[in-house]
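You will see two complexes here that share chain A, one where it goes with chain B and one where it goes with chain C.
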Partner chain A sequence: MRSKNFVEYAILLLFKDKNDHLFSFLIFSFIVFILSSTLFISDSLQEDLLNSIKSQPEIVVENTRAGRAYAMHDGFIYDISKITGVSNVEGIVDGYHYFAQKRLWFHIIGDATLAKDEMIIGQGVKNAMAELYYNEEFHFFTEERMIRLKINKIAPKSTTIISNDAVYLHPNTARAVLGMEMDEYSKLYVSVPNPNEVGNVSLKIVEIYPSAKATTKEDAISAVRHLYYYKGGIFMILYVIALVSFFILLKNQISLVYGEKKKEIAILRSLGFCIKDIIALKFIQNTVVSVSAYLLGVAMAYIYVFMFNAPYLRNIFLGSELENSISFTPVIDVNLLFLIFLFGVVPFLAFVILPAWKIAISDMSEAVKS
Partner chain B sequence: MSKIAITNLNKLYNPNKPNAFYALKNINLSIEEAEVVILKGVSGSGKSTLLSLIGGLAKPSSGEILVNGQNIAKLPDIMSSSYRHKEIGFIFQSFNLLEGLSVYQNILAPLSLTSLSKEAINEKVSRAMSLANIEHKQHQTVGSLSGGERQRCAIARAVVMEPEIILADEPTANLDKENSLMFIDILKKFKALHKTVIIATHDTLFDDQNCIDRYVHMRDGEFVE
Partner chain C sequence: MRFLTGLGIAFFSLYLILAVHALSVSDKNKAKEIEAISSHVKDAKLSVSFKSNEYQRFVYAK
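Presenting the complex of A and B:
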């Protein structure tokens, strides 16, 4: 254990040579900032999506034909509601409408609480429509006719993760916009009160309708997790590449700096510092540099993601053509932050200690004479 | 028992290479406690190498160096560093100060290896600065000091741990006559404090100084009469 005097002197020497450490401090902060931002966004989106899935019914049924989603008629609701364990089946109308003027896709969702001539729109849709001066009403053009609808209100910002590209319409209006028949549904929400029955019910649905896809809540949750693991994984690979490049640069830079500082190390050795003391000195200095760079990187990432809503980076995760005004819910995974610390700060220290040790063991008598 | 006893000391540089040469050849020397010894000789005669070996900065190729009866030539790094820290005060020709730090912070360096209280540290630094007559410059960075002031800062740092042995390598080579005479005054203070002092120099200013006990002449790594 080093004395307080030693630690204070190491920090004094660090501040004397602060310019030598500036490069590694800034680059390391930036790498930690990028990775932490990615993890914060990923965790926040995952959390919000998982919460929205948790509020959905136990099974979502979609019909497919030629590998694409295909509408279902009333008969599906009747048959599925007869399966033992099913308490309710709700038909849902949703689909995508191409807004040619802006070359964007709107997510049309049926909502029975709305009147036939009104709609609720998400923040991104509102912005896209406003650019073409659709502030009070909007016209949907289908093959047969033009549908004029009042913009009733804008979906609250807190729901932007799911509502950004959404247009909520009365189900029949939605059918008209999507070109569906009046007894058709895009999805069915199947409620199963007993969690142990969910798997069986899902299998029975597929038995009755082999072309249907029954997605349980558990399946949906794992799909979201896989999606974000995949995106997070790509960033992790990029991070590792960046980190390795950084450490190679760091080693070269530190070797150069310590080479220039050889005389200073020799002076300290002549004053009674042993090799272990020199290594401890450099260890303390670089711990201060790397830990403060790490903390700065994490703090900057927190501000960037949760206060400024991660401009530029968020589009990679949200993948929407619409400008997304989503507010990220602050979610922090302490384990992941610890992992960044472990794979960032520890190699950082290892890479800088080696050149210090090499110089500390070299012949000091010539260096002090020069 | 002598304070320092050197027996059959050799230092070979670049062994097993075509440019191998002996910097010291079969050196035998005894120095008593509180003795002030001048090593005289031209550049390359081996004076600095001998100081480095006595100070534990380098290891001899063969022979032994007994300081207080302990062979410092065989000490591992941690013990030879501790020996330098506690027993030796180095004064170099080029001062070897830590640039960018103040006089006080330079003198503080050896004390950073101790667990002394702030008060004890301040007292030691003040005493060392007073001995070297540099306390009025304690807050100035060493870069802004004159050559003589830098030398006095280096002297204060060398004595702050109150070592028994002071090793000075060409201490007046970079000083004008006035500052060189000031160094002689400090040397007298060392004598009064019963320090063992070894100075490697070819400065004639040290000739016929009554504070000096012995002159040892060196040439080509050997003592000459």
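Presenting the complex of A and C:
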């Protein structure tokens, strides 16, 4: 255990050479800030999306033709409902409407709980419509006619993660907007009460309709988990490259600084400091620098993401064409923060201690003479 | 030592404020509202500006 005075002296030296440590402090806190911000955003989005698919049916069926989404008819519902284990099949209307004046796509979703002339829109859609003075009602221009609908309600701001680009309409109105026939559906919700039969039923559906895609609830959950999977693969390689580049830069800079400070170290040695003391001195200084930089980086990332809702960075995750006023739910993965600490602070100290040790063991008589 | 104590107190206060913020943000209400929408629109998707690159191809060049 080092004495109090020794620690005091290490801090005094740190202040004396503050310009030398400022570079490593700023760069390291910036790296921790970027890394933590990205992981905070992806964790928060994942949490909200997992909440939103809780009520998803066991299987969602979508049809394709020539590689594109294609409508299904009542025959699909009849055939699928005859599969053993299926309790109910529900046809859903869902598609995209191009809002040419703003060059945006609105997600049209059929909602049977709404009346035929009712419309609920997301916050982003509301803002886009308001820019062209569609405040009370909106005109959908289709191939055949213009459909005029009243804007009844705006989806709550807290639901923008799933409703920002959405326009909820009665299924028949949605069909009219999307140019679909009355017996056509975009998706089918298949209910399978026994969870052990879900896999078998989805295989049977694909067997009957080879062009159809059957997505189980488990598939949907794993898709959400992998949507912003920034903890592995190419992203992990990028993190490692950024950190290694920083550490090499840090080592070079520290070697240069300590090289200039050789005389100082030589005087300390002549005063009775042993190699262990010199290393301990540098260890204390750099622990203060790296831990402070880490704590500051994580705190700044929290403030940036959860208090200011990550301006600029959120556009990378959500797209910038439609204004998204999303608010991120604070989700903190302590294990991950510990991992960043382990792979950030520990190598930082290792890369700094190495040059200090090299200089401490070199011949001091030459340094004192110069 | 005074510097280290000051630094410790500064970080402790900063993290205390963040903890208070994290606890004060009512995510229960948010979760309820999201669940309310997804209860009748069951196949909820992340609301991004474009569903996929295929859709972007239809947009006129800006």
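Here is the rule we go by: the second predicted complex is superposed on the first by the 350 of 370 C-alpha atoms of A that agree within 3 Å, B and C clash if a C-alpha of one lies under 4 Å from a C-alpha of the other, contacts with A are read in each partner's own complex, and residues count from 1 in each chain.
In this section, a contact is a pair of C-beta atoms (placed from the backbone, for glycine too) under 8 Å apart; a residue touches a chain by one contact, two chains touch by 3 or more.
Keep in mind the model is a prediction, meaning the values are calculated, not measured.
Applying the stated contact rule after C-alpha superposition, one finds that A:276 touches chain B and leaves chain C untouched. In the superposition on chain A, contact of A:268 is made with chain B only, not with chain C.
In the superposed model, A:8 makes contact with both chain B and chain C. Residue contacts after overlaying the shared chain place A:219 against neither chain B nor chain C.
Residue contacts after overlaying the shared chain place A:79 against neither chain B nor chain C.
In the superposition on chain A, contact is made by A:52 with chain C only, not with chain B.
Of the two partners chain B and chain C, more residues of chain A are touched by C. The intersection of chain A residues touching chain B with those touching chain C, taken from the two complexes, comprises 4, 8. Those residues of chain C that touch chain A in the complex are listed here as 1, 3-4, 7, 11, 14-15, 18, 21-22, 25, 27, 29-31, 33-35, 37-51, 54-55, 58-60, 62.
Those residues of chain B lying in contact with chain A across their complex are 48-49, 52, 55, 57-58, 77-78, 80-82, 84-86, 88, 90, 92-94, 96-98, 100-101, 105, 108-116, 121, 157, 161, 169. By the touch criterion stated above, chain A contacts chain B in their complex at residues 3-6, 8-10, 12-13, 16-17, 263-264, 266-277, 363-365, 368-370.
Chain A meets chain C in the complex at residues 4, 7-8, 11, 15, 45, 48-49, 51-57, 60, 68, 92, 94, 96, 98, 103-105, 107, 109, 111-113, 122, 124, 155-156, 158-166, 168, 187, 189, 227, 288, 292, 295, 299, 302-303, 306-307, 318-322, 324, 327, 329-330, 332.
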